[in-house]
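By written order: A, B, C, D, E and F. Residues from 1 in each chain.
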Amino acid sequence: MENLLSLWHSTGLYNFTAGQAFMMLVGFLLLFLAIKKGFEPLLLLPIGFGAILSNIPVAGIAEEGGLLHFLYYGIKLGIFPLLIFMGVGAMTDFGPMLANPKTLLLGAAAQFGIFASLIGALALNMVPGLEFTLKDAAAIGIIGGADGPTAIYVASKLAPDLLGAIAVAAYSYMALVPLIQPPIMRALTTEAERKIEMQQLRAVSKTEKIVFPLMLLLLSILLLPSATPLVGMFALGNLMNASGVVDRLSQTAQNELINVVTIFLGLAVGSKLSAEAFLQLETLGILALGAVAFAIGTAAGVIMAKIMNKFSDTPINPLIGAAGVSAVPMAARVANKLGLESNPHNFLLMHAMGPNVAGVIGSAVAAGVLLSLVK
Amino acid sequence: MTELMSSGIELLMAGMGIVFLFLAMLVVAINIMSAVVLRFFPDEPKASSPSVVSTNDKRIVAAITAAVHQYRHDHK
Amino acid sequence: MENLLSLWHSTGLYNFTAGQAFMMLVGFLLLFLAIKKGFEPLLLLPIGFGAILSNIPVAGIAEEGGLLHFLYYGIKLGIFPLLIFMGVGAMTDFGPMLANPKTLLLGAAAQFGIFASLIGALALNMVPGLEFTLKDAAAIGIIGGADGPTAIYVASKLAPDLLGAIAVAAYSYMALVPLIQPPIMRALTTEAERKIEMQQLRAVSKTEKIVFPLMLLLLSILLLPSATPLVGMFALGNLMNASGVVDRLSQTAQNELINVVTIFLGLAVGSKLSAEAFLQLETLGILALGAVAFAIGTAAGVIMAKIMNKFSDTPINPLIGAAGVSAVPMAARVANKLGLESNPHNFLLMHAMGPNVAGVIGSAVAAGVLLSLVK
Amino acid sequence: MTELMSSGIELLMAGMGIVFLFLAMLVVAINIMSAVVLRFFPDEPKASSPSVVSTNDKRIVAAITAAVHQYRHDHK
Amino acid sequence: MENLLSLWHSTGLYNFTAGQAFMMLVGFLLLFLAIKKGFEPLLLLPIGFGAILSNIPVAGIAEEGGLLHFLYYGIKLGIFPLLIFMGVGAMTDFGPMLANPKTLLLGAAAQFGIFASLIGALALNMVPGLEFTLKDAAAIGIIGGADGPTAIYVASKLAPDLLGAIAVAAYSYMALVPLIQPPIMRALTTEAERKIEMQQLRAVSKTEKIVFPLMLLLLSILLLPSATPLVGMFALGNLMNASGVVDRLSQTAQNELINVVTIFLGLAVGSKLSAEAFLQLETLGILALGAVAFAIGTAAGVIMAKIMNKFSDTPINPLIGAAGVSAVPMAARVANKLGLESNPHNFLLMHAMGPNVAGVIGSAVAAGVLLSLVK
Amino acid sequence: MTELMSSGIELLMAGMGIVFLFLAMLVVAINIMSAVVLRFFPDEPKASSPSVVSTNDKRIVAAITAAVHQYRHDHK
């Protein structure tokens, strides 16, 4: 009898708090988005599952001694995002960007979303109850980088309490790129601009592809050492792939290793979706600012492309500017789709891949600036 | 304007400045690098689409060739 | 000369204790069983090897600073069994069980082996020299769950000193399922019962397979949070596979990740096969009780199936009750084999897979009960 | 009977009780769930055995088809 | 303005020390050797990259909290070299050695390079400014083992400060085997000797291949427990492969697991290429002694083969003695190549594989001696 | 000669001695083991080179055989 009572007292039903129940619903919502809506399932499925596991009463899976608590060290120490970045580097082909380097500037312009939403976060401090520090604001801004591992890396350093919300926002909006970007792109371009066809890209030699990651790393070392963990691991992965001499390492980095780390990272991020941390006014602010960041980044990229088109000797379709936010390869696909709508012979995919991967570099650089200047 | 906000704006300017500076320098560096590489270290240009036959395919083709030869031989 | 003497003093020959020598023989025996007899080689080969390595005098491979000591943290922190459970979840197809859910009850009945051998362990305390605590008895009982990672997880929490013997017993008896089960199954069934043909299973929809792991997790959260680490990781693996949206994660979980963890887990378990821990009267008790547990679990499953056959509107072959112990998929194969012996047209494999995977759930639930009530 | 043994028997009863309760509830839950899913969210039933042709096989078949066509073309 | 100044003060350009710049050049040199010259790229690419990353000013990637600092624990605790050794064991086929066991003695003779360069290191203490302890000398000598993981394992235990230089020397000279060995081999053999054809090797049964790793381990346990971590993990890998019952574990050990560990090990070794540790007179000594070690090991192997050829009833081509240094499989290929030059029908590859893998055992044994006697 | 150097030479002698002893004992052990195994536990000798057809190849061959049969059937 006593035993039965103690058993009843150990059930989840008896111990549930409203916050835990709500966060579990959030977890199920993320699973629904991942599985039924196809929202970045590779991350949102483990994140959603981690959210559920970490909000189970009594079990303490996200507390000292629990699996998710242990996995979180991989984020705290910066290991998981950097290993994912290495794998992403190994998957990235810089060919289209090297064939048309000026499109790098589109990847620069789109980072305006990061800093604009940083300012937005500070402005939101006027709302009573919201108190974002500069660190918080910087971590929120990085959502605009549209790059998951970069966002998680920066948030884990500057605002670990907001990590869960920031990661969820970053991946959700990346999944929403095909919905967020088109209206902005249409509003800022004319039909004639969207019809612009671009010159076929030249073939890029293997040597160029080998030298590029080293050059990128070197520039980052000289100018912005705080960005070198991110840029360095990205360049390492890219060099492993481009050099062609360590194929087995490159394959493992972009397959098994990144898969294992993705599972662990997702679960660990999910473990930060606790009621205390997530059910705050701040979270609504973060979700709102994330959308703003994506929108502003998209707009900045398109406007930059329009400006460059004015001054360039070869035509530039302003649609590819939107790909500068990164969100590889969705943003490039969106540009391609809108281009085809206006001109069925206009294949922009390869042209948009340049700004797209430039956006990854751009947000890593922006991350370096934030990590170095925000103390 | 609060001190925080002015830090933010400073950050915006420094940040976008550095991002543009960095990527612009990268554009210059790539242009120089490509020129140097293409001039002094040309390699076989990256094979474009046609030769996508993978090792696996090659083995398949080899196996087929053998099978077809065998077949011809057996049935002529 | 002095050097040579010091060298002689550093040899294994000089430093061997009888216990170490004996445990090394145990290790070689496990290797023999794994390699020549095909006893669960995936686990028993690394466990046997770990037993040899950890009993090498002087080398200290299982002591502070040694590799096996380090790997053991993966068990101590519960990481390895949970990751294996995730992989097993990804490999499990709940289709046959969902097509005929009442066979779940067979997986419940077979867990009687767990609790019966728990009582048996306490009864053995009457033997002078044996002193099993309630925790010890619970850890021993879980052998009857016929599920390696569950047994290791529970033993690591309740009775780490007995871990080596428990893991060895669990995997050995799982390998012996084709020998242990048939006589019991034959004794408890009539020829007519063994001839019973079952109705073909309906096809199960993809949505059912996606919803099931979530439902399983939810029930575990509400009723038995202490089982959620095990059930949760199992459900995660299963969901990754069933959802079909994260195939690369699912593949990695059921291949490379589980392989790496299996090697590490096996070696770490082997490191607990030290003379002090293993060469005890307790070990004989554990081995005896493990066999009893399997036998009772089998019998309970068969009897339950006979009862259900009486009341069911569709026929149930009692042989499939034996598959309720888990030991996936051997127990199901045993049921199939005995069915074919009595009736060459009677393919029970798919029908037995239902209770078989239900047995995994059943023993995870039993593990939760033990972890929650045994303090 | 020792206190330990009585704890054990209590554990046996609580344990088997919960295991049965849990799995019985799961049976009920599955039945409800299947009914709901099959009624309101039917999807294409899981393809049974015939279509086991894997990607790899498809490539093999494609390669063979091509080879055989080539052969026919060359030898007609 | 202040901000800009602080930014400038945070650039790499402002903070570079001459040592860091030089070590970065060393890193780029290693990348060049790996990518363009094909020098052991699997290791030298990550090592070179690690050298660059760890010498970035301000970023602190190799300092407390940085990724490379964390990865270094895998070396410090001996985990990475042992896991690599397991993978190498799984890749090794002892068939040719078992078919002609006396070639094991060639693998013994070639270890003379280890001890000769150990003496050389002590002799170099006469050079003012050089002060090698016995531990240092032993760690340097092991370069002559021509086996990367063994060298790293021993250096991490005996002389962690010299680890970077030792690992670089070991892998570089392994890559240089096709240049270092031939002149020595030609100088020590006559044309007639090089023409010697050897008898075809008998087929080795599967049982022999299964028993051998266990026998090797047993001998090591009895005679030299200090070598058992290395020998044991090697034997485990080999047994997993030879037994054929755990193919999925063996495949993972020799593919994904070894690949992941290779990336981590390489980066971690690179992190020891700091200016303070590397830019020392000692480094030059190490590089010189490494070359000497390879040369002496080669010579000893060839001379031993000549002696054995005198007393053997079946002919032994002295060229295969050079393969005794290990450096699998390059040294065996070199022997094969020189054999073909003198006699186009003389395929020595399989005959040289025996001493080649014996050299791996030989250097693991030598490592055990050093670890056990050098205190 | 310094003490250090004499330690080194002692190490050289002990080391080479043990290495030779170890590998020589291994030679003996292998010879005994091979004799015992080949006499008392012979297994099918390790298949030499001919049967290098991997599973993949087998599937390819099976697919080809099927394709060629089909072709014969269609065109006879």
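Everything below uses one rule, namely that contacts are C-beta pairs under 8 Å (C-beta built on N, C-alpha and C of every residue); 3 or more make two chains touch, one makes a residue touch a chain.
Because the structure is predicted, anything quoted here is derived from the model rather than measured.
Comparing the centres of all chains, each the average of its CA atoms, the largest separation from chain B belongs to C. Note: the chain lying farthest from chain E is D, by mean C-alpha position. Under half of the residue numbers at the chain A-chain E interface are used by both copies of the sequence. Counted by C-beta pairs in contact, the busier of A-D and E-F is E-F.
Chain B and chain C have CA centres that are 48 Å apart. Look at where the CA atoms of chain A average out and do the same for chain B: the two points lie 21 Å apart.
Remark: chain A and chain C have CA centroids separated by 41 Å (rounded to whole angstrom). Counting partner chains per residue, chain B has residues 11, 14, 18, 56, 60, 64, 68 touching two or more of them. In chain C, 3, 7, 223-224, 256, 373 are the positions where the chain touches two or more neighbouring chains simultaneously.
Those residues of chain E that touch chain C in the complex are listed here as 77-79, 82, 86, 210, 214, 217, 221-226, 228-229, 232-233, 236, 239-240, 243, 245-246, 248-249, 251-253, 256-257, 372-373.
Of all the residues in chain D, the ones that touch chain C in their complex are 2, 4-5, 7-9, 11-12, 14-16, 18-27, 29-31, 33-34, 37-38, 41-46, 48. Residue ranges of chain D in contact with chain A, taken from their complex: 10-11, 14, 18.
Across the interface of their complex, chain E is touched by residues 3, 6-7, 10-13, 15, 24, 28, 31, 34-35, 38, 41-42, 45-46, 49, 52-53, 56-59, 61, 65-67, 70, 255-256, 259-260, 262-263, 267 of chain C.
Remark: chain E residues 95, 98, 101-102, 104-105, 107-109, 111-112, 114-116, 118-119, 122-123, 125, 133-134, 137-138, 203-209, 211-212, 215-216, 219-220, 223-224, 358, 361-362, 365-366, 369-370, 373-374 touch chain F in the complex.
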